[in-house]
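One structure coming up, written as structure tokens, with questions to follow.
Labels A, B, C and D are assigned to the chains in the order they are written; within every chain, residues are numbered from 1.
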Amino acid sequence: MLDKNGIAQRIAQELEDGYYVNLGIGIPTLVANYIPQGVDVEFQSENGILGMGPFPLEGDEDADLINAGKQTITAMLGAVYFDSATSFAMIRGQHVQLTVLGAMEVSQNGDIANWKIPGRMVKGMGGAMDLVASAENIIVAMMHTNKRGESKLLADCSLPLTGVGCVKKVVTNLATIEITDGAFHLLERAPGVTVDEIVAATAGKLVVPDEVPEMKL
Amino acid sequence: MALNKVVANVEEACAGIQSGMTLMLGGFGLCGIPENSIAQLVKMGVNNLTCISNNAGVDDFGLGLLLQGRQIKKMISSYVGENDEFERQMLSGELEVDLIPQGSLAERCRAGGAGIPAFFTPAGYGTEVGEGKEVREFNGKPHILETALTADYAIVKAWKGDTAGNLIFKATARNFNPMMAMAGKITIAEVEELVPVGELDPNQIHTPGIFVQRIFQGERYEKRIEQRTVRPRA
Amino acid sequence: MLDKNGIAQRIAQELEDGYYVNLGIGIPTLVANYIPQGVDVEFQSENGILGMGPFPLEGDEDADLINAGKQTITAMLGAVYFDSATSFAMIRGQHVQLTVLGAMEVSQNGDIANWKIPGRMVKGMGGAMDLVASAENIIVAMMHTNKRGESKLLADCSLPLTGVGCVKKVVTNLATIEITDGAFHLLERAPGVTVDEIVAATAGKLVVPDEVPEMKL
Amino acid sequence: MALNKVVANVEEACAGIQSGMTLMLGGFGLCGIPENSIAQLVKMGVNNLTCISNNAGVDDFGLGLLLQGRQIKKMISSYVGENDEFERQMLSGELEVDLIPQGSLAERCRAGGAGIPAFFTPAGYGTEVGEGKEVREFNGKPHILETALTADYAIVKAWKGDTAGNLIFKATARNFNPMMAMAGKITIAEVEELVPVGELDPNQIHTPGIFVQRIFQGERYEKRIEQRTVRPRA
């Protein structure tokens, strides 16, 4: 079973040299810590920076330099600042090769719900709806089940949608799953996790091949 | 000769803003917000405002200050609720909230300033955001029609500005400010440093002065950090 | 009767302090030579400059600094350069207070034709269609009649249109004319020109008040 | 680490461009045109090209060079015919020409790069340009629906660029270059000066490198002036 860092580490394997990548808040942010050797990528933050670097050293923080999570950050060599319209032109125009974000629910046809729980305070979708509607390559990073032990991989999302038919891959604490043809397809087991455990934790239609290799981290 | 957009102070800059008006306010979180003008709006006591701003500040800073005084009737934003008073007013029904995807918000402001009354975007299709909106397929992908946003006054904050209203923003404090500057019937720019015309490189202006009607240098900037995250020094 | 410079001089009286102005090629360009004392305006050229100045001194011309007529120009103090999308955002978004352009024909409901003569080589509309469709305040600068002596102020344009119902005022070698309610309204006579001459040279519906003052230049 | 977009030379930059493709070429008149790439296209002899460019050059410079070799099948422009060969080919029917209002051309390129498949504009309503296009009223004013433009390759010319593909243009040579850079499936940038990453101020980049796939320093720039207009010195 993977912890949050493990999920991030597995997703980092999807990074290819030359990618521009947008990382959501939470587990996705951790992906930046596991960039494979020899792979150059640049991180975009939708509030207006390309070439986002690590958090600043204590005392170096600049109120005018933050990421989409409102955290103080630094800029890498070659970074660029731009306005919000240009930022979402990059996103909507599919210039960002990979988007990684968290989710509350994902459905077997790739729908995603991650912005609103009816009856609870609604904080808004921020840039999530633009990201999921536009990106060609979206990976969801999340726990396989919620705090009540219920599957987050469903036949249909029960929560209000963020986007329709957009998620291509999900990496959870239990498995790597691809979404095609209206079904979840099991690609890999997390270390020490059995296929039965994954089947039990997946509510939507799950296609299980004969051989399910264990993830290599 | 270059036009002169300078007003004496924040009072003169905000003159004419009235209760019931629609305002755009630049900034993302607390980054790049027009601090001086917000303080002046509190002082003026205008209310029933519709505020278009990506966020709604925190309890004691940014637009949170206007919420404290119940000056806002409606917020048009992409992400809100970083403050308790906002949540209280929203849940009690005192405050209307219209949530818009961040990219659509930015593009709708740009469209308002650019004379584009409507455009198609894939963002929000199949979600609550798309309800009641026209859907059309382009290249096999469904899109929804979104309309332009404009405001009676747009209030933006820049790093440097010249007397002709030309603006330069700093780092990620740029965010929504340039588009909102375009979309205000009257646009007020407060700047950290107001310089004589000719001091800014004409090749390096982010917002041309044509979009700015009034400019002034803010008296004081707190520039509060919302999420201070650092690495320890070795 | 006015010459081209006279027409420009009369139009320059329409400039108000604080205006951003777009001047078309030909007579409109001459307007810049007659800015009234105490009136500050800035000229926009739609290829990407605000704050356009006069032609450069010999030897100072810069291939990277031209106007929409492709002529070498200079930049005034406080000028700004921008891309074509931003330039037409200014125009379409009605941030430019006054547009002056030439025309081949104007109709009594404010239609304008100035880009195409059927059977002749078509060079294109350039920015003219955006300008006339967007500007709140459009003044046409032209001769009252064409080279064959035919009126250019018509009931309906005979040439392909550039824009519909957009022209508010026309200044010709003979008169200043306002267009409202589907008719030309005679405001002023050019020096030495009689009302009868104007009536004879105007093919469209012309409303003539009892008193028609002579222009003051 | 910043991505590296540098290619060795114009040959490598233009590799992959084939006959029948759609190209966008930056520039307004002869100002800000990708001179080196155009020369290379002549050398490559690709033909049946659809060229999206505001203008079509003059007889012996700019896109006129491609016209001489009959390499262009169709021009999509706002203003053409500054050269005799263009006129000859157009009148003889050898060359298709699609004329688009300049602002719509700019906005359609931007839309193509920004994932906006269509938008409404007032430009061209009631004219030939509006024929066959959807008309809709907004705020009492009729608008027509215009669609996005994209290209197999966009070829732009900048003043300075860094190895990550970040670009800065000079003065009015900026014109269509930034929008076209956004709208190319592959965007080639030729620059007068190629600098190491980090030398350009991140606050002052006109075109972020994300829009550029290949960058190189042009060998030589003639930068011809189309209409030399000067005032005599006293």
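Note that in this section a contact is a pair of C-beta atoms (placed from the backbone, for glycine too) under 8 Å apart; a residue touches a chain by one contact, two chains touch by 3 or more.
Nothing here was measured: the structure is a model prediction, and the numbers come from that model.
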### Separation of chain B from chain D, taking each centre as the mean of its C-alpha atoms, in whole Å
32
#### Entry: Centre distance in Å when chain C and chain D are each reduced to the mean of their C-alpha atoms
29
### Query
Taking each chain's centre as the mean position of its Cα atoms, how many Å separate chain B from chain C?
36
### Message
By the touch rule stated above, which residues of chain C touch at least two different other chains?
### Response
75, 81-82, 85, 88, 91-92, 134
### Task
Name the residues of chain D that each touch 2 or more other chains.
107, 110, 114-116, 121-122, 169-171, 202-203
### Task
Take each protein chain as a node, join two nodes whenever their chains touch, and name the resulting shape: line, ring, star, complete or other.
other
### Query
Hey, which chains are touching each other here?
A-B, A-D, B-C, B-D, C-D
#### Entry: chain B residues touching chain D - in the complex, by the definition given at the top
107, 111, 114-122, 136, 138-139, 143, 147, 168-171, 202-204
### Task
Enumerate the contact residues on chain B facing chain C in the complex.
1-4, 110, 112-116, 162-164, 166, 182, 197-198, 202-203, 205, 208-211
### Task
Show which residues of chain A lie in contact with chain D when the two form their complex.
18, 20, 40-42, 44, 50-51, 75-82, 85-86, 88-96, 134
### Task
Could you please specify the touching residues of chain A with respect to chain B in the complex?
45-49, 54-67, 69-73, 75, 81-85, 87-88, 91-92, 111, 116, 121-130, 133-134, 160-165
### Query
Hey, which residues of chain D end up touching chain C in the complex?
28-32, 54, 77-82, 87, 90-91, 97, 99, 101-107, 109-110, 121-129, 159, 169-179, 206, 223-233
